[in-house]
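What follows is a pair of complexes built around chain A, which joins chain B in one and chain C in the other.
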Partner chain A sequence: MAAFFRLRIVRDLGIALIVVFGVGSIAMLLAHVSPFDGFYALFDGAFGTTSEFAETLVSATALLFPALGVALAFRAGLFNIGAEGQLVLGGLAAGVIGVFVPGPPVVSIVATLLAGAIAGGFWGGIAGFLKSRFGANEVIATLMLNVVAALLATYAVDGPLHFATANEGETPLLAKTAWLPTIVPDTRLTISIVIALLLALALRFVFNRTIFGFELRAAGEAPEAARRAGVDLRSIALQAMTYSGAIAGLGGATLVTGVLHRFNTGLSPGYGFVAIAVALVGNLEPIWIAVAAFAFGILQNGALSMQAEANVPRDIVNVIEGLVIIALAGRRYIASRRTT
Partner chain B sequence: MNGFVIALIAIVGLTLVKATPLIFAALGGVLSERSGVVNIGLEGIMIGGAFTAVCVSGATGSPWLGAIAGILAGALLAALLAFVATKLAYDQIVAGTGLNIVALGAAAFGLVLVFGQPGASREVPAFGQAGETVLTVLALVLAAALSLFLNRTPWGLRVRACGENPRAAAAAGIDPLRTRFWAVVTGGAIASLGGVFLSLAELDLYSDGMTAGRGFIALAAVIFGRWTPFGATGAALFFGFFSALQYTLQRAGIPSELMQALPYLAALVALAGLAGRVRAPASDGIPYVAEALRPRSGQARPEGSR
Partner chain C sequence: MSGAVLALRGIRKRFGTVQAVDGVDLDLNAGEIHALVGENGAGKSTLAAIAFGAVIPDEGTVETKAVVGLVHQHFQLVDRLNVWENVLLGREPKRGWRIDRAAARERVRALATEHGLDVDPDAIVETLPIGVQQRVELLRELERGPGVLLLDEPTAALAPTEIASFFRTITALAKAGTAVLIVTHKLQEVIDYSTRVTVMRSGRVVARYDTNATSTDEIARAMVGGELPPLAERAATTPAPRLSVRGLSAGNGGGGLVDGTFEVRAGEIVGVAGVEGNGQSALADALAGVTSYTGTIELDGVPLTATVTPAARLAAGVRVIPQDRRNEALVLGWSIAENVALGRHQTAPIRRGAILDRTAEAAATKEVIERFDVRPPDPQAVVDALSGGNQQKIVVGRALGAHPKLLVAYQPTRGIDVGAATLVQSRLIEARNAGVAVLLISFELDEIFALADRVLVMSGGRFVGAFDRANVDRGRVGALMAGGH
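This part shows the complex of A and B:
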C-alpha cells in the first residue's frame, strides 16, 4: 500500500516534470530563446544567490499554506477552489488588526495571525455552511466567494477601513513589532516557513492518526459508507471548509506580517489557484505538498529572472501550472475507484 | 418626459451590450451542463476566443476571419476539457480550473509574442457598433434556437438524457461520451463568441483581464437561470442591467463593488435554494464510465449536492 502510494507520487511528479520541461521548452523556442538559456535563467534566478534562494522559499511558503488548506478540503471530497478569496480576506483582517493592535511583538503577531485565520475560516465556513445546510455545491460557491472577497477587500480598504496614512488599495504599514522575525538577515524569509512546515507536520498527524482525519477521508472517499457508520457528513463538510479556509487565511496573514508588512489588494498573484496544483502534485499528503510547494516556488520565483534575463514572458509559468492541474485532474478518480 | 425616454433607451442599450457576452457564455454553459459536464472553464474559453480573434484580425485585416478563428479557438479549448472529461473521465471541475489558468497565461504570453508588448494588443480591424447589434441579436436568436434544440429535437433529448442518466442513455443506444464531447465543444464555440464580442465588437483590441470574470458570472447565470437557455439569458440580462446601472448608482452613493458583487451574491442565493428550488441535471459533473469496462465508477459528489 505504502509502496503503491509512493509510486503514484513518483508518477505524478514525473507528469509534472514532463509538462514543465516540455511546455517550457516549446514556449522558449516560440520566444526565440534556447531552452538551455531559458531554464538556466530560471534556475539561476531561483538558486543563484542567498537572497534569490530565500525569495524562492518565500514563494514556496506562500503556496504551502493555501495548498495545505486545499488538501484538507479535498480529502473530505470538497473542492475548495476558494483558497484565493480566503487568503485575501485573511490578509485583510491581518492588515487591519495589525494596525489596531500595537503592543509587544508576540502579542501583536499572534493577534494578526489569529485574525487572518479567523477571517479565512469564516469565509471558507460560508461555503461549508451553504453546503451542509442547503446542499449548495461548494465549487460554485467558493468560486463566487472568491470574487466577492476581492471586491469586499477593495471596498474595505478604500471605503470604511481606509486610513488617512495609507495609499489607495492598501492599509498603512504595520508597526515593526507586528513584523514576523526574519530567519536570514536582509531577506524576506521569515519564521512563516517554520510555521508552515510545522503546520504540515501537524496536518500529517491529523490526517493519519486522528479520528477527525479518518472521518475526513471516509467522507471524501466513501461518503455513503461513512454516513452509515455514523459520520455526520454535514458537520464534516462545515468543519473541513472552515479549517481549510482558516489555513489559507493564516497564509494570507503571514504574507501581510512577513512579506509586505501591510495589506494590499494585489496581495496574491493567484497563490490560491496555484495551490490547487501544489496540493494535487503533492497527492494531498502534507509532506509531499511541502516538496511540491518548493518546486512551484522555484517556478514562480525563477520565472521573474527568466523574463528579465532571457526575455521569456513569465506568464508561461501559468500555462505550465494550469496544464499540470489538468494532467492531474484524474488523480482523485483513481483514488476513489481504488477504495470503493 | 422626453429626457426620461432617452435615458431609458440608453439604459436598455447599455444593458444589452453588457449582457451579450454573458448570454453567449451562459448558453455555452447550459449546453455543456445539460449534457452532464460542468464547464468551469468558460472564462478561459472566452479569453481564448477574444485573444485569437484579435490576433487573426490583426494578421489578416479581416474581423470576420478573426471571429471565425476565435470560435475555433474556443472550440479547441473546450475540446481539451471535453476530452479529459469524457474519454479520460477526469474531474471536470479541477480540469476546468486548470483550463482557466492555462488560457489566461497563454494569452498574456501570446500578447508579448505576437504584439511585442505586455498588457494589451494594438488596435485591430473590428466590427464596431454594427457588429455589436448583430451579435446581440445573434445571442438572443441563439437562446431561442438552443431552447428549441434541447426541448424539441431528438438530439436535444439525447443531450439531456446524458446529463440526467447517462447509463440509461447508453442502454437506449446513445453514446454518452460522444454526445458529451460534442455538447462541450459546441458549447465552447458559443461561449467563445462572448470573447469575440468583447475584443472585436465592444472594443478593437485584447487586453489582459478584459473578460474580468464574465465567465464566472455566466456560470452564475446558468444556475440562476436553472440550466435553461431562456432562464440563463434572462439572468444574463438581469446581471447586464445592474452592470449598466453601475455608473448611475455609483453617483447615487452605492459602492460600485456592491454592484459588481451582485451577480455572485445572486448566484449564492440561488445555489442555497433561497430563491426557489434549483436542480442541476442529475449527472451534471459526474464522469460517465462505461459499465462493462469499469464497474462502480467513482461518484463525484455526495448525495444531495447541486
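This part shows the complex of A and C:
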C-alpha cells in the first residue's frame, strides 16, 4: 500500500485533486458561491443523468485521442504542441471524404477515419521532417502549423471545398453510412470511445513490447546512448511526429463522424491543447492518460451545468485546469532539478 | 576540536534502505594530503559531500575552521559558458553594474599560472577535453581560497602526465597549509602522494595508515576485506587477421586522428597508449560508426564503408564500450534489463520480428548479472541508482554478451573501484582468449601493460610507436606519449 502512494502517477493525481478542490473552492468563494453547491452542480452535470454521463465520456474521448498522440511524441523526446492543428485537419479530411463515400457502413467509416489519420499524420510529419532533416525545433514548427491548419481549414470549406448545400464554415452532413454507431441510444456516445481505449492499449503494447517503442523511448530519454546503440534518431523523430499527428487526426475524424456529423471550423474548443495537460497528468502512460482524460472530461462537461445551476462562471474550470498543469509541470521541474 | 581544520564525529547517513555512512570519525589537518579509499558504494563520496555540507548527516557533527572546497567526480560546470565565466560564476568582478571582463580574465589567468594549471580563460567549456575541464573545476574551488579541499576522484579522467602535474599543484597547496582530502581508487597515487590513508568498507572506517608505513597490497586487502581475485590467465592464442585499418583520418582540430594504420588480430588485445585528447576519441568514434572518416576499415577482409552508421557496425560485430558511460552508453532512468537489451535489440534473440522479446532480454540480463557480479542482482533495478562500477559492468557485460568480433574498449575501468576493475579486466582477457579482437584505449599505462599483447602509442593524432608485449619499454612509451622520439 505504501508503495502505491510512492508511485509518481498517484502523487500527481493527488496533487491534481488538491488543486481542483482547493483552488476551485477558493475561486467559488470569491464568486460568492458555496463550494458545496458549485461542486455539486459540477458533478451533477457530469454524472446526473445518462445523457450527461454520456456527454462526459464524449468529452473524455475527444481529449483522449490527441493526448495519446502528444504522449507518443513526448516519449520520443519531442514536444508536439500541434495536436490541435493535426486534429482540425484530420476532421476536415474526414468531413470531405465522408460526403463522398456512400458505401456500406464499414467501408465508409473506415475510409473516413483513415482519411483523418492520414491528414493528421501528414501535418505532424511536416514538423517531423523539418526536425529530422534540418533540426528545426518541433515546438515552434508545430505551434505555427496550428495557425496554418486553422486558416487552411477555414479557407478550404469556404473556398475550393465549399459545397452548395453547406453553410459557411462547414461541410454538408455526412452520408449516414459514415456515421459512427452509438453505443448508448439517444446520446452522442459512439464506438469512438472503444476505438480510443483500444488505441491506448495498443500504444502501451507498442511502448513496452515492440522494437519501435523501445527505440522511441531510448531516443527520448538518452539520445546519445540510443544513437550509439544503433537507433536512427532522425527516422524516429519523423515517425514519432507522423504517428503522433495521425492519432490526433483520427481524433478529429471521430469528432466529425461521431459527434457533429460534419466538419465545422469550430470543431475543437482547444482539445489539442488541453490534451497536453491530459498526457502529462497521465504521466505519458496510455492507461493513466485514459484515466486523466476521464477526469478532464468531468471538468469540461460539469463546467456547463456549474454555470447554469450554481452561477459559477465556467471560466473557473479553465483556471483550475491551468493551475493543475502549472502544479504538475512545476513538480516535474523541481524533481528534474533534484536528480541532476 | 584538536588541531584539525575539519573534524567529522560519529557521522551516520542512510539513503532509503542503504546505510551509506555508518559511524565515521575523520580529522583533516592543515598541510596533509589525506586519501580516502574504498570500493564503489563504500560511502566515500557521501562522506565527502557531508564534509562539504551538501548532504546533511542523520547523526554526527561536522566542525570546520576554514572555507571548504569540493571538486566533484561528475563535473558541475556550465558547458556553454567559457572558462572564466565558470570559475567566477556568482563572484564576477564588477565595474558599475557590468562584469569587468578584462579583470575577470586576468584574475583567472593569474590563478591558473599561480597553481600551474594550463587553461585558456576564454575557451568554451564544452569544447575542452575532460582533463582540462577538471582543471576548470579545480580553479573554481581554488578561487575561493579554501582551507580544506575535498577532491572526489580527481584523476579518474587524467592522463599520466596530467596526473603528475595535478599532484604538483596539490602538493604545493598542502605545503602552503591547505588540508586536502582525496577520494580515489588509484592506490599507487595514494602511496605516491598522500600522507595518511583512511580505508572505508560498507560505510565504516576499517583501517587507517600513515602512508609511509603501508603498501598498495595492504590497502587493497583492507578495501575488499580479503585477497583480491587474481587477473585472468592469458591463454595461448593463434591470432588470425581480423581488423585492418589503413590511412584512417577522422575528426578535426586538436582531437582528430591523422592517417592511422594498424591491425588487430582475433585473439589479441592491442593497447592504445596516449595522453587524452590525442585522437583516441576520433579513433573510437570512427570504428563505432558515429563519425565520418577517410581511409579504410576492414573486418575479416570486408570493408565497412558502405553504410557508416552505428547500426551497421553493430550488425557487423563491432562493439564499443564508450568513454562516457552515463551519456553515451546507458539510459540512466531504465532498468538493468532494458539497458542490457539496448544495442542488442536489433538482432535475434532479443529482436523477434517487430517485438522485443522480454524472455530473451531476461536471459541476457541474467547472464550479465551473473558473469559480472552486478549488485544489486535485480534485473529491474534502475541503473541510475547503481554505483559507477556496477554501471560499467553492465556496459561491458552487454557488449561481450553479444559475442562481438571486435571489441573497442575506451577507458573500460575509468573511475571504478579496484574489485570491479579487476573483474572487467579479467573478462577482457577471457574475451581475448576466446578469440575476440580487443582494441583497448586507455590513459592508464598500468592497465595497458597488464592487458595488451601489443602496444600502440598515439600522440598528436598519429600513431608514433608500436611495441610487442615482450619488448615494451615503459620509458620509451612515456616519452613517445609526451611527443618525444
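What we mean here is this: the second predicted complex is superposed on the first by the 323 of 340 C-alpha atoms of A that agree within 3 Å, B and C clash if a C-alpha of one lies under 4 Å from a C-alpha of the other, contacts with A are read in each partner's own complex, and residues count from 1 in each chain.
What we mean here is this: a residue touches a chain if its C-beta (ideal position, glycine included) is under 8 Å from a C-beta of that chain, and two chains touch if they have at least 3 such contacts.
Values in this document were obtained by computation on a predicted structure and should not be read as measured data.
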So, after the overlay on chain A, do chain B and chain C clash or fit? They clash
Identify the partner contact of A:164: answer first if only chain B is touched, second if only chain C is, both if each is, neither if none is.
neither
Message: On the A-aligned overlay, A:209 touches which partner chain: chain B = first, chain C = second, or both, or neither?
response: second
Touch check for A:229: first (chain B), second (chain C), both, or neither?
second
Of the two partner chains, chain B (first) and chain C (second), which one does A:30 touch, if any: first, second, both, or neither?
-> first
Inquiry  = Between chain B and chain C, whom does A:218 touch in the aligned arrangement: first, second, both, or neither?
reply    = second
Counting residues of chain A touched by each of chain B and chain C, the higher count belongs to B
- After superposition on the shared chain, which partner residues are touched by A:106: those of chain B (first), chain C (second), both, or neither? neither
Once chain A of both complexes is superposed, is A:322 in touch with chain B (first), chain C (second), both, or neither? first
When the two structures are overlaid on chain A, which partner does A:144 contact: first (chain B), second (chain C), both, or neither? first
Running into chain B, out of the candidates 80-88, 206-214 or 440-448 in chain C, is stretch 80-88
Interface residues of chain A shared by chain B and chain C, listed 224
The chain A residues in contact with chain C across the complex are 209-215, 217-218, 221-222, 224-232, 339
Interface with chain A, chain C side, in the complex: residues 288, 290, 309-311, 314-315, 320, 322, 327-334, 338, 341-343, 345-346, 351, 354-356, 358, 384
Within the complex, chain A is touched by chain B residues 38, 40, 80, 84, 88-95, 97-106, 108-109, 112-113, 118, 213, 216, 219-220, 223, 255, 257-258, 260-261, 264-265, 267-268, 271-274, 280, 287, 294, 296-299, 301-306
Touching chain B in the complex, chain A uses residues 27, 30-31, 77, 79, 81, 130-131, 133-141, 143-145, 147-148, 151-152, 154-155, 159, 219, 223-224, 233, 270, 273-274, 276-277, 280, 313, 315-326, 328-330, 332-333, 335-337, 340
